[in-house]
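Pasting in a structure now, in structure tokens, and then I'll have a few things to ask.
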Amino acid sequence: MRLLLINPNISDSVSDLIRAEALRTAAPGTEIEVLTAPFGVAYIETRFEALIGAFATAQLAAEHHERYDAVIVAAFGDPGLTGLREALQIPVIGLTEAALASACLLGQRFSIVAISQRIRSWYLETVQAYGLDGRLASIRGLDEPLDIGHVQGNQGERLVQLAERCVDEDGADVIVLAGAPLAGLARSLRGRLPVPSVDGVSSAVRHAETLVALQPGHAIRGSFAQPPVKPNRGLTPELARLLNRGSNT
Amino acid sequence: MRLLLINPNISDSVSDLIRAEALRTAAPGTEIEVLTAPFGVAYIETRFEALIGAFATAQLAAEHHERYDAVIVAAFGDPGLTGLREALQIPVIGLTEAALASACLLGQRFSIVAISQRIRSWYLETVQAYGLDGRLASIRGLDEPLDIGHVQGNQGERLVQLAERCVDEDGADVIVLAGAPLAGLARSLRGRLPVPSVDGVSSAVRHAETLVALQPGHAIRGSFAQPPVKPNRGLTPELARLLNRGSNT
Amino acid sequence: MRLLLINPNISDSVSDLIRAEALRTAAPGTEIEVLTAPFGVAYIETRFEALIGAFATAQLAAEHHERYDAVIVAAFGDPGLTGLREALQIPVIGLTEAALASACLLGQRFSIVAISQRIRSWYLETVQAYGLDGRLASIRGLDEPLDIGHVQGNQGERLVQLAERCVDEDGADVIVLAGAPLAGLARSLRGRLPVPSVDGVSSAVRHAETLVALQPGHAIRGSFAQPPVKPNRGLTPELARLLNRGSNT
Amino acid sequence: MRLLLINPNISDSVSDLIRAEALRTAAPGTEIEVLTAPFGVAYIETRFEALIGAFATAQLAAEHHERYDAVIVAAFGDPGLTGLREALQIPVIGLTEAALASACLLGQRFSIVAISQRIRSWYLETVQAYGLDGRLASIRGLDEPLDIGHVQGNQGERLVQLAERCVDEDGADVIVLAGAPLAGLARSLRGRLPVPSVDGVSSAVRHAETLVALQPGHAIRGSFAQPPVKPNRGLTPELARLLNRGSNT
Amino acid sequence: MRLLLINPNISDSVSDLIRAEALRTAAPGTEIEVLTAPFGVAYIETRFEALIGAFATAQLAAEHHERYDAVIVAAFGDPGLTGLREALQIPVIGLTEAALASACLLGQRFSIVAISQRIRSWYLETVQAYGLDGRLASIRGLDEPLDIGHVQGNQGERLVQLAERCVDEDGADVIVLAGAPLAGLARSLRGRLPVPSVDGVSSAVRHAETLVALQPGHAIRGSFAQPPVKPNRGLTPELARLLNRGSNT
Amino acid sequence: MRLLLINPNISDSVSDLIRAEALRTAAPGTEIEVLTAPFGVAYIETRFEALIGAFATAQLAAEHHERYDAVIVAAFGDPGLTGLREALQIPVIGLTEAALASACLLGQRFSIVAISQRIRSWYLETVQAYGLDGRLASIRGLDEPLDIGHVQGNQGERLVQLAERCVDEDGADVIVLAGAPLAGLARSLRGRLPVPSVDGVSSAVRHAETLVALQPGHAIRGSFAQPPVKPNRGLTPELARLLNRGSNT
């Protein structure tokens, strides 16, 4: 099985974190490739940055998907996810939805611990778009300036404290450690938190393997069937080919 | 006052419909410009097409916004709207939110009449993202193949029938005629429908004028303040300048 | 265009504030008239006071609507609004729904800053009735005794502090300055608040002008068609005539 | 124990139905009085008619409440109910909330069978205001012209058919027979319906007796404390005295 | 009229509190019997304990229901309630739903004051299952170790303080004193709280009497009709007879 | 890894279907054991039957859990699941929540195809308890009498037709084939349905393996920590030991 993880950001250091956690998680026989967005920002905190990351992700997916069994959008907030799920005929999974799926199987209400204050609104809207706000206890974020490649090391204790407040003040049953820069943190905090904790990368790799194994089929009707073919213009050949369903543009 | 309407699609014929309705609606002294996406698809029916349209819109907005008092994202579904609202320091309005704002001032529950069956899921998710699904009576769509430039003429009677079913079977108090290809239809159906009807272009032009006139100020804190400056790469100079808040990249 | 604003309270000083802000807002050629309730209370904070204000508003609207293009119910909480929307065949707009419509076009979540603690429950129920509680960040109110005609001057600084807490603690993207006694405050606070702010009177005047301009038609079927004619008794001639649809009682 | 039932409509024939069912229901020792609105319409189907009925109810309650242990607003839709609950220091109950309370104790989801098509929107908004729309299976109404005093006799079979469709097509566990003109119908249909059924008058009488018996106390803080005293004008002496909390106007 | 109250816990001291409050509440002529679970835990705080209490309640109800007019599940959280409502052909009421029904007739938003911190999640899920979370202001609980038979005496002042915070900080209009160990507390606190308060036992006894008196009928179709007969094994003769609808197993 | 699947029903034929599908799904090295309830009914369609199945499941889990890495409650509706999740310190998963987790990763809205009409209410309440009703398109059920061991063979075509209606009439993006008697059907219908489909057993086995692999930790605080120790009586030694946290009873 071959999984493609697309980092919608330009940060190679974050891609390294993603790759390391994906490799620790993957089943024997699962091959992992991580691609980094050729354009965009260092990390996505806002709706506008997500819009850019979504397009970069779509571009990479269009170019590379054919050699893979599933695609993972490897940023919290899942930029471009539902669009790609229409366009591709293989499973596409996002870090947020994967982490929330794990969290929902471990408790009734979850909190999200995030890397900044600003990022909380974007995450809230992501949870709402999945219809899961009824199970969201809270979203708490760091309020220090970020060194994106070293947030786990520098802010580990502070992240634990935020998680404890989610449990004791907000009623969380499960902690979601959010954001690709925290990939692997759930693993290294094992035994430190008073409730189960999950992260996005490990959840996404496992759930992608599951969807490939279950062979649920893909949509040929309904809202996730491929978009109806219609004229297009000005796109890369790969995107155009995807929209044209493989025929030449 | 200068308003920029960005058609996120590549259809010049739809841009013409948008321009004509915008000019019919605008107050004396309001200047209207309509730009057409340089890349993308003929019309947006799905989440994937919207993702592409959002990026095209962002690109055009980044290039042109500085000479305008407000920007209108001129496709139903409002691709890229909330992202642009963060990035720009002038009002940004979408056709859907504008039409829904009008509809909510005319009745309690509204229905959306749309140009295709497939488009309904995307519209439903748009309404849900605005938290207005509690006021949505139904979404009904044409089920004929589309000739996008002539849908008003060819399908006018059928659209009236759909609207009547929304009123009589679904309990709609107001009809939203959805999609830029229907721009101006509310005007030409005046007196034909049993409840008030609104469209997106005329609503958006009026509401944009209102927001400019009210001078509500722009966000310097909160989730619609401009994204925090951070490294970026590979973007057009205009997008990069927007992210860098005007400083050189 | 002629707009009738009905103050559902007996406070002439508040009617003056309403008139002044309406005149500052109205487009050239829009005529403004403000009427004050002949019976009722000094300002509406509760459901019972709103019930009285609704009837006073209905009475005034029945007497005077025929000479106007639209009616504005000029109290927050919009007493009697949806009833009047059925009875009259011209647009009827309330301050709350108008301010919320503006706020929703400026951000995702709004807070309401109000003139008293007690008034918050009534406002909450108003927002819920519009199905917009999903976008409500908070309602905060002054806790000092009120001098209704001078609340802007005496409490201006305190209102700014409440607004800042709405942004920083509650996650508001937009501030709604609520209550006719605050009419014009958004204008005078321009540049003082960290997010966009709107008030009810200016929003209502603009949106009323918009609805008149759009000519959306009025309901002849559905729940906002005029009430079916049926026997009535003991009403003023104007109310009776409205219920009898213009025929003599 | 003395209960005051206020019919917000002018129909003496409906007051007779209400009185008869209230007397059949009341416990030994409970005295029943039914008053008919001195002004208003024959029956309330719409928001505007409810606004008028609310004021008439408030007027009667202000005049007469002092000699009673509880007040019942005896029209479905409960016009004026929450306002009166603030103003009076005794329990105030509406037919709708009473019937829904009974229904919720008998099953998970209820349907409302009503006397007209038009009335459904007003009832829907009433259920929503009580936060019970999650338990509402459907609202179905007669579509024949109404003879308000004889609807039970003329339309009995049709009402049974509507109830059966609520059960079999809409998933109702309980039927609410709505509207004062149907007072007593649940009793006469006993054994005819496939699920439990309740009506408003009998439920309201029983629940009023319960609240009087439980002596839960009344609010001196919170949103149902009496409205803060403030200037008023132009009201009847009884309403003014209520607002002035018993001091002279 | 004969009412059976089943205490799903093994605490005889709590059964005594339940019996005493039921007797104080019941109408003349109503006979009260309280049974204590033969197996289970001292009091129910969690979902797992509720699961056990539900089965014990079902067992007792199956054995004893035939001699009664209604059954009351006498623990907050209502373990087994909706199941029993299917199985029995008489009204079945739970303490929580009964207290909430009373609370909803006294105000718009209620808070629950409970005997422990841990119990709050179970209560929250109970309120959500009834679709009433829109009217829930808060749930607050004691944080001291519990002496279950003497909580009213030892913790009375603390419970009053919690109730006051519910009103002043959370916006509660009504206080629900939750948990069978608090049976009778609402009565003894009369006049001490700033808003109306209700408890479960007195509410359940009154509402059970009401449902018996209204004779609403029982379900023969829909989701509360008796479960379809199917093979069963290993149950007590009483449970088997109930499932077999009275025929021998 | 060792997984324990507990069939809460007494049907050995259904246990055989569960075991077969679990074995087809499990990863190499995963051991599967399926236990059948020693008491209960042939299959669970109602709340009362679920109450019994929950207790039987708890009993079996208490006896056997110590030799396993995770427990699966192998009936749709997940009887006893959240209770067991508190009591055990290993992952516990239900068929419904597992299938919904898979479905949510494959599309936005799912429909449930079930084995009877009656079972739909119980399933609806299960989906609501998980806060996922916002993503539920519909629940459709067979209306023929059931032969529980052969429903797949006898009713396969009818189940496909129901699924197609869910897609075309209800807007489903994914089909959940519900109920342990349908275990394996998703696999045998591969390629027959127009959208992805999932079932409960295969999803639960995969997700259980995932949770064991992720080692998220277990709750020592919050609402899924083990119930506080308190007196208990009359339980089997295994249940008592679980409540006493391993100390002797």
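The first chain written gets the first letter, and so on, giving A, B, C, D, E and F; residue counts start at 1 in each chain.
The rule is simple: a residue touches a chain if its C-beta (ideal position, glycine included) is under 8 Å from a C-beta of that chain, and two chains touch if they have at least 3 such contacts.
Note that the structure is a prediction, hence the values are computed from the model and not measured.
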Minimum number of chain-to-chain contact steps, chain A to chain C: 1
Joint neighbours of chain E and chain B, given as chain labels: A, C, D, F
Repeat of interface A-B, chosen from D-E, E-F or A-C - more than half of residue-number contact pairs shared: E-F
Angle (degrees, nearest 5) of the CA superposition of chain D onto chain E: 180
Whole-Å separation of chain centres (CA-atom averages), chain A against chain E: 44
Between chain A and chain D, centroid-to-centroid distance (C-alpha), Å: 52
Multi-chain contact sites of chain C, meaning residues that touch two or more partners: 82, 85, 108, 120-121, 125, 171, 222-223
Topology of the chain contact graph, where touching chains are joined (line, ring, star, complete, other): other
Interchain pairs in contact, sorted by label: A-B, A-C, A-E, A-F, B-C, B-D, B-F, C-D, C-E, D-E, D-F, E-F
Touching residues on chain B, where the partner in the complex is chain D: 108, 171
Chain E contact footprint on chain D (complex, rising order): 25, 27, 82, 85, 91, 93, 97-98, 101-102, 104-109, 130-132, 134-135, 167-168, 171-174, 186-187, 190-191, 193-198, 202-203, 206-207, 210-211, 213-224
Residue ranges of chain D in contact with chain B within the complex: 120-121, 125
Complex contact set, residues of chain A against chain B: 10, 37-43, 45-52, 54-55, 58, 80, 82-87, 118, 120-122, 125, 128-129, 222-223, 227-228, 230-235, 239, 243
